[in-house]
Amino acid sequence: MITLNHYLALGGLLFCIGLFGALAKKNAVAVLMGIELMLNAVNINLVAFNHFLEPARVTGQVFAIFVIVVAAAEVAVGLALVLNIYRRRLESNVDDLDWMKW
Amino acid sequence: MAVIREDLQTQEIELNMGPQHPSTHGVYRALLTLDGEKVVKVENIIGYLHRGIEKLAEDRTYTQVIPYTDRLDYLAGMLNNLGYVQTVEKLMGIEVPERAEYLRIIMAELSRLASHMVMVASMALDLSGWTAWFPPFRERERILDLFEMTCGSRLTVSYMRIGGVAADIPPGFLPALEAFLNDLPQMIAEVNHLITGNEIFQARCRGVGKIDLETALAYGITGPNLRACGLPFDLRKARPYGIYDRFEFDIPTLNNGDSYDRFVIRLLEMEQSARIIRQAVAGLPEGPVMAKVPRVIKPPRGEVYHQIEGAKGILGFYLVSDGSNKPYRLHIHSPSFVNLGALPKIAAGGNIQDFVVNIASIDIVLGEVDR
Amino acid sequence: MTMLIEEIQDHFPGVQIEQGVDMPVMVVPADRLLAVMEELKEKQGFNFLSGLTAVDYKDEDRIEMVYHLLAVPAAKMVRVKVNLNRQEPEVPSLTAIWPAAEVQEREVFDLMGVIFQGHPDLKRILCPDDFTGHPLRKDFQLNAGEGRE
Amino acid sequence: MAVTRLRPPEPQVPDNIILSTVDYMLNFCRAHSFWPLTFGLACCAIEMMAAGGARYDIARFGYEVFRPSPRQADLMIVAGTVTKKMAPLLRRLYDQMPAPKWVIAMGSCAISGGPFVDSYNVVPGVDTIVPVDVYVPGCAPRPEALINGLLQLKKKVINPKAVLVK
Amino acid sequence: MTSYAWLIPVLPAIAFPIIVFITRKVRFLSALVAIAAIAASFVMAVGVLQEVFLLGITMEHPVEYAVPWLQIPGLLKIEAGILIDPLTAVMLLVVTLVALLVEIYSVGYMHGDPGFSSFFSYLSLFSASMLGLVLANNYFMIFFFWELVGLCSYLLIGFYYHKPEAARAGLKAFVTNRVADFGFMLGFFFLFAMFGTFNFRELAEAIPGYQNTAFLALAAALVFIGPIGKSAQFPLHVWLPDAMEGPTPVSALIHAATMVAAGVYLLARAFVLFASLPDVMLLVAYVGGFTALFSATIAVAQRDIKRILAYSTMSQLGYMVMAMGVGSMTAGMFHLMTHAFFKALLFLGAGSVIHALEEQDIFRMGGLYKDMKVTTTTFVIAALALAGLPPLAGFWSKDEILAATFDHGFTGLYILGTLVAFLTAFYMFRLIFVAFFGKRRAGLHGHESPLTMTVPLLILAVLSVVSGFVGTPFTEHGFSTFVYYGEPHHVEPNYAVMLISVLVALAGIGLAWLFYGRPSDVPERIANRYRSLYNLLVNKYYIDEIYLWLFRRVVLGLSEAFNWHDRHVVDGIFDGVGDMTRISGRKLRLLQTGNLQTYALVIFTAVVIIALWMAAPVFGGVVQ
Amino acid sequence: MENIFTGIAAYLEGLLAGAPPWAQTISMGLLYLVGVLAFIFLNALYLIYLERKISAYMQQRIGPNRLGPHGLLQSVADAVKLLGKEDIIPRGADKWVFIIAPVIIFIPAVMVYAIIPFGKGMIPVDLNIGVFYFLAVASTTTIAILMGGWGANNKYALLGSMRSVAQMVSYEIPLTFSILGVIMLAGSLQTSRIVAAQENVWFILLQPVAFLIYFIAATAEVNRGPFDLVEGEQEIIAGPYTEYTGMRYALFYLSEYANLVSVSALAVTLFLGGWHGPWLPSWLWFLIKVYIMIFIFMWVRWTFPRIRIDHLLGFNWKVLLPLSLANILVTGVGIKIYQLLTLGRW
Amino acid sequence: MPDTTALFFWLLAAIVIASALAVVLLKNIVHSALFLVLTFAGVAGLYILLSAEFLAAVQILVYAGAIAVLIVFAIMLTRRGDIRASNLFNVNYLAAAVVSLVLFVIAALATGRMTWMTTTGPGPGSNVGAIAEAFLGPYAVPFEVAAILLLVGMVGAILLARGGKQDQ
């Protein structure tokens, strides 16, 4: 029997994998991909909670859709940033993007 | 997405187009520098069909050179023949019989028609207008039939001789020609229906590869390509050779100098060629088709430059004779070669698809380019 | 035609002019070529470079550059010749006056070995890049020892 | 007259009813589905195009699928003069084609160098570069000749052991 | 009506984004939006006043609407709310009216300025903030709007930001106000610490019974720093004269109704607090009085028309503060109201002159009355009102202040006030005689301003005449029976005081006429005779220079001293420690990589640690 | 006739009656899959033949006529030949991406058939999000094309796949919006209900603009007709497929025709009344309509020259998208007016 | 069919986790991106198990169909150097691994100890309808805000991608 906890654990694991990717990768696009994984993990939890706790309503799914929308906007802007940075620096490694130091 | 804009710069890539590429019309190769889909720079790389005809001609007798001229612009063999034999005749001062002159005109104009048909067809094909490829090729077969009837060959005719033509026309020739000429307008109408009037075709050709008259002259562009820029310059009128001064015809011109005009002008010229042929048929006299010329042709020492209006532009032969039975030097000034030299100028700034249109609209024949 | 001959002779004393079989022919020293061409283009209306080539006169130990100019739309023609040293044939490039000369000069360089000073991109055009010799020279063997055995 | 030339003998799998039937089927299908490479060199290429036109219509035999990419082509029709500058590229195109593949030498230039045989820049016959299956003589061969060549190739492919001189 | 009072600031506040985002490109619409918003607010303010009047709402029993805004139960409660009492009602009316007229005026004045639309957006925001400030029901809210007002003033003063002086003036206003605001903030946080609330009403109930007056006095003094800065009282007055670098309508708004009035309004609003602390009241009174005199003397020697008016404002504000200090909130507010009208009129008139002449030096003007009849007439009316001649508005309010001062036994201050009244009359008419009458200077040709500018002038002129009547002793002390704390006190008409002030004003005018009304070299001679005094006045008592010197010398000197101390003493002692610090710093610097991922890593490490800590009880035995 | 397929399905289900329910589900699913696959393969083979024949007749030719009666076996020969070709993986290619791309592209091509109502009661899976499922699954095709173009490590292939992404992602939007009008009319995403709603009036009559937009966008989505820029052979050889040989290439080809059939089937479902029709069995009606649609696709392809990439994108963003949005608006207003007229309320 | 649900769950979970690990661990960023698509597809499968079919379709459409394509597209545009080593770890990867792992352990332990008041009941008849009603009813404002966010994001992305005028 698959319970809510199974889904939560799966979501947690996916989240942590995504987190690891976001923290440990050099390439900016890879960092973005890690963040996407994290968002997906969150969505799994939302939908699972919805399914197991409030099956009569769709609140969790609605929130998941909002997350997806935000993710879409984020990716569009993020990739545009990467492209722009790449054009200026011919580089898409986050390591070298330490302009926040100034 | 409308990402492909000119102000989005991505890494430039170099793209090798050809020598085996469906749209290069043979073994032409273009080295394109691309920025996204935009062509930044074009470099012509030619010579993949360089057979050394000029050198070979130095090792052949004057008559033996004629077949090589067929293989220059193999779409319009008669015109090449005409140019060469008239050059030799000019150097030797040979008078050609009237009937031969008329036959030459008929054949040359038929050749021009065939060449333009191929251009129209292949330009349609390069734009993926598959169906529009067929009517010109269908009608062209009838011209080739006429050639075959007369000289036994379809492409490489070697019909003209120094002093006349190889053979008189067979009996069925004139009716077949008449029928062909009657059907020609219908074919042109078909092409217009299928492709010329098509919105997508117009959108892709209008304003593409635009070149103004001044640049065109500086780059040595001749023939229909020049006339598409608005200059009514045609050697058949400006410096008539043979008996062209006896015929009435117009020089069609268009003003934009873009690919669309270069396409349309061919269709217009087809009509004029048909007009000339009709007049030539009407005035075709009886008589011999060959002048009295010595068995071994030995022109006097000297040099001569003769140019005719080929299908693609001014086709010139520069002949130097040392008095022997072989040409000392034969230089062939081919229109495609010079027109192609202007391609980098014409094509820069468009995108890949425009480049294909540009090549097609300039109408090159690699046999003539590389010689 | 005589007017042209007179004017050119007035302006450029070193130029020899005669009436050929088909058109006037002028022989120009290599160093005056550009000036003569400018004159012909700007003043005499020969605004179109109809062709250029070279002839190898091996016996006379010279290479002759031959230029044909055309007046558009009057359709008058003139031939300009330049005699070059066969060992070191060098002539100024016409690309600045007629861009059309670019490919044709490359061809002459490729096939005849004439060096065009001032040409932007003088390299082989028809023969393969690793080709040796210049085929249209009279001492070049046509078959070059190969062929069908 | 069309001549087909035998390939060098290949080691054959011992005859077996099933295998040979499958083999026959496969060859039969191959023979009816030549996809030529869109590849023209000179004058003959125009006749090759004409063969695709409405009058000759090689589509009737299923051979009209001209592929622009060598990866998808089965057949290379060498239509025209092969120059020394072109030869290496031609060889590369041939190498890029997936086996089984065939070559038709169309026209006298491709067969032997034709009228340009003694030129300094012409390869005297494409068979010095790639193996040729069928020679279609003529300068330029008529489209019918090309179709005949294709049909000869078909016979050869269906029955690889046959050598046909007709 | 009162329940919709919150709309009054909201309308112009909405106008701000509309102009910025939508109508910016269309000047006409921008102005229309701004004016429509403030006009609507004005109408509502009238409604509010009427309702307050009819319902008999008093200061002790105001109407309050509030919603919780920020709440930590048992720790903090901040409300967003409005408080409506007579004081609010009057202020709303004054602010909306003046702002409305100024905006109408600006249509003409700013015509052709590239920043036309943004100017109106700022004006809207400015009015909105001031209105919010007026309506606020607690210190926190008032501070919030207080800061907004400061921000807008910064924007508007620095409106011509491409002019270095304007930019600097904006900065100066901002910085000076920050100093004051800091004190104010400290003050009300003290109050919060003592009473646990920001709410005025609750504070008003709590304060009178509070025992620790010393602490309360400290808080009150700190709160007073706010008005000192905002109402430009000595010594934080330096920003106000410079603030005239902004467009003139802004000066009018700042000087009349919004910015500087905020300080006085705060005093009135917090009057309960001050009233219970006589010592602080005394401080307030003397600061006000001193400022009044101090700036009046400066005004006497200025040449720039706007500067004269600016110092006059300071002086009048001193009056008001003084009135508050002597315990007559009513008088102060009354003067605030009348002053708003005639000072706005003066500034707008000056703006009209500047608009026509592109010149601000009065000694380069002259004879303007011939060209600018309307402007001159209205300007003279305003000046008369300011000088305090009956029956104009200024007379009644000033008289009320002087009477209150006298009545409450501050004789010294009364004399001072009278002196200021004399000076006021003198410098105003010096300005009028020189600029509007006198000889026409060559090259300057005035022309009357367009209708959008003159109509507000006329309206304000009427108001300058009649607005005093609401509070005369002969009209039942209308104002003081309306706005008051505790008992409405009826100051008996003190005819002696009235007479004296009228005489003094006449004397001032007369002296001005003697000196400047006719060709005379007296001023010059006096200036030469008392060169040092004159220089002192011209240079505004060198206050700016003193500040500069203070900063340079004292602060830098102190820094120098600290530096020495640091290098020789601290370093000497803690060299070892320093080395240690440096080494650890070098290590720690690695944390500051500028790399986002590293930061994220640190953040998530912290999250993990927090999670561990929070999860500890859950896991019970695992951790412990 | 009508029940021939449903009858077969029922019979097979009967055979499985004894098996456990999960086994039944899986078996029936597999059966449907086999049916759909057979349908796709047959269609692809014969559509290729049809395409060659139709183009030939349009071009005054005869087309394949040697192998089999009227050349009917031509495509079979081609397919068998492709099976027997050498499998080349270019050096420098991203091997696994290159290998897997043709498989990936085939998966969505098959999956979309799940919601096609082939006839009365002949819908493999009647999903309640039917049309949306179609769009979602079809959108993944781009990834496969990108993989193919990338994996080959060839500039033409990369250019082609870039073009395909730009084109397909753009045209998905008007495609979706054009379908929205139908969904609003039918009030459901379920394909069976959409078909049911067209019992009396085909939606093409109510939504002619939407049909046009759908047709154009679908042409672009399946890379056909004037929109075949992805593999524009005159410009970029064969686009993403340039380096593919033999069977892998065949898979691309196959999925291309599978997509052609599925978009035609969806067009029939959404606009042409699905399987509704008199006299003939419903599935036959459906097939007839699908083939009419396919014929129109082919007609267009062999008539128009190829459009240019910037015109293509400009046309999408400047014409189709606003038009489809306007269509939705008009549809919404129309529905409301209809409700007002018939029900007397908004 | 509880057993098949479990089967599918474990299958999908394995796919999701394995491909997510591949996303993070592979050295070729194109491969990472492609596995990302697989992860998205697996998550969509999980949604179906959770009877959120509409969401599954949205997931496929938006993530696999658009976001992933965009990512792959961007990678191809910014291609440079050796693609086989395009997706390396930075210096912090050990610390990041530890943090992620510990976070997972904590989360897993915490959720493991929770007991949920799960209710099993019939879901809303139509997923789509329910979601549509939710969006147009209680969540209308967030819905609009999300739409504006998308619009702003799109405009921003276009502006960014075009680069400023001073780039020229």
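The chains carry the letters A, B, C, D, E, F and G, assigned in the order they are written, with residues numbered from 1 in each.
Note that a residue touches a chain if its C-beta (ideal position, glycine included) is under 8 Å from a C-beta of that chain, and two chains touch if they have at least 3 such contacts.
This is a predicted model, so every value here is computed, not measured.
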{"item": "Shared chain contacts [chain B and chain D, defined touch]", "value": "C, F"}
{"item": "Graph separation of chain D and chain E (steps between touching chains)", "value": "3"}
{"item": "Two chains sharing the most C-beta contacts", "value": "A-G"}
{"item": "Of all other chains, the one whose Cα centre sits farthest from chain C", "value": "E"}
{"item": "Of all other chains, the one whose Cα centre sits farthest from chain B", "value": "E"}
{"item": "Between chain G and chain D, distance of the C-alpha-averaged centres to the nearest whole Å", "value": "53"}
{"item": "Chain centre separation in whole Å, for chain G relative to chain A (CA means)", "value": "6"}
{"item": "Mean-CA-position distance for chain D and chain A (Å)", "value": "56"}
{"item": "Whole-Å gap between the CA centroids of chain E and chain F", "value": "73"}
{"item": "Multi-chain contact residues (two or more partners), chain E", "value": "597, 601, 604"}
{"item": "Multi-chain contact sites of chain G, meaning residues that touch two or more partners", "value": "54, 58, 66, 77, 80, 90, 92, 95-96, 99-100, 103, 107, 127, 161, 163, 167"}
{"item": "Shared interface positions of chain B, touching two or more other chains", "value": "3, 9-10, 21-22, 47, 50, 52, 55-56, 59, 134, 138, 370"}
{"item": "Residue ranges of chain F touching chain G (in the complex, touch as defined)", "value": "21-22, 25, 94, 96-97, 127-129, 132-133, 135-137, 139-140, 142-143, 146-147, 150, 158, 161-162, 165, 169, 172, 189"}
{"item": "Sites on chain C touched by chain B in the complex", "value": "20-23, 47-51, 53, 55-56, 66, 68, 70, 72-75, 77, 79, 98-104, 107, 111, 124-128, 135-136, 140, 142"}
{"item": "Chain B partner contacts - residues on chain F that touch it in the complex", "value": "55, 58-61, 155-156, 159, 163, 166, 169-170, 226, 228-229, 232-237, 302-311, 313-314, 317"}
{"item": "Chain A-facing residues of chain E, complex", "value": "592-597, 599-601, 604"}
{"item": "Complex contacts: residues of chain G adjacent to chain E", "value": "90, 92, 95-96, 99-100, 102-103, 106-107, 109-110, 113"}
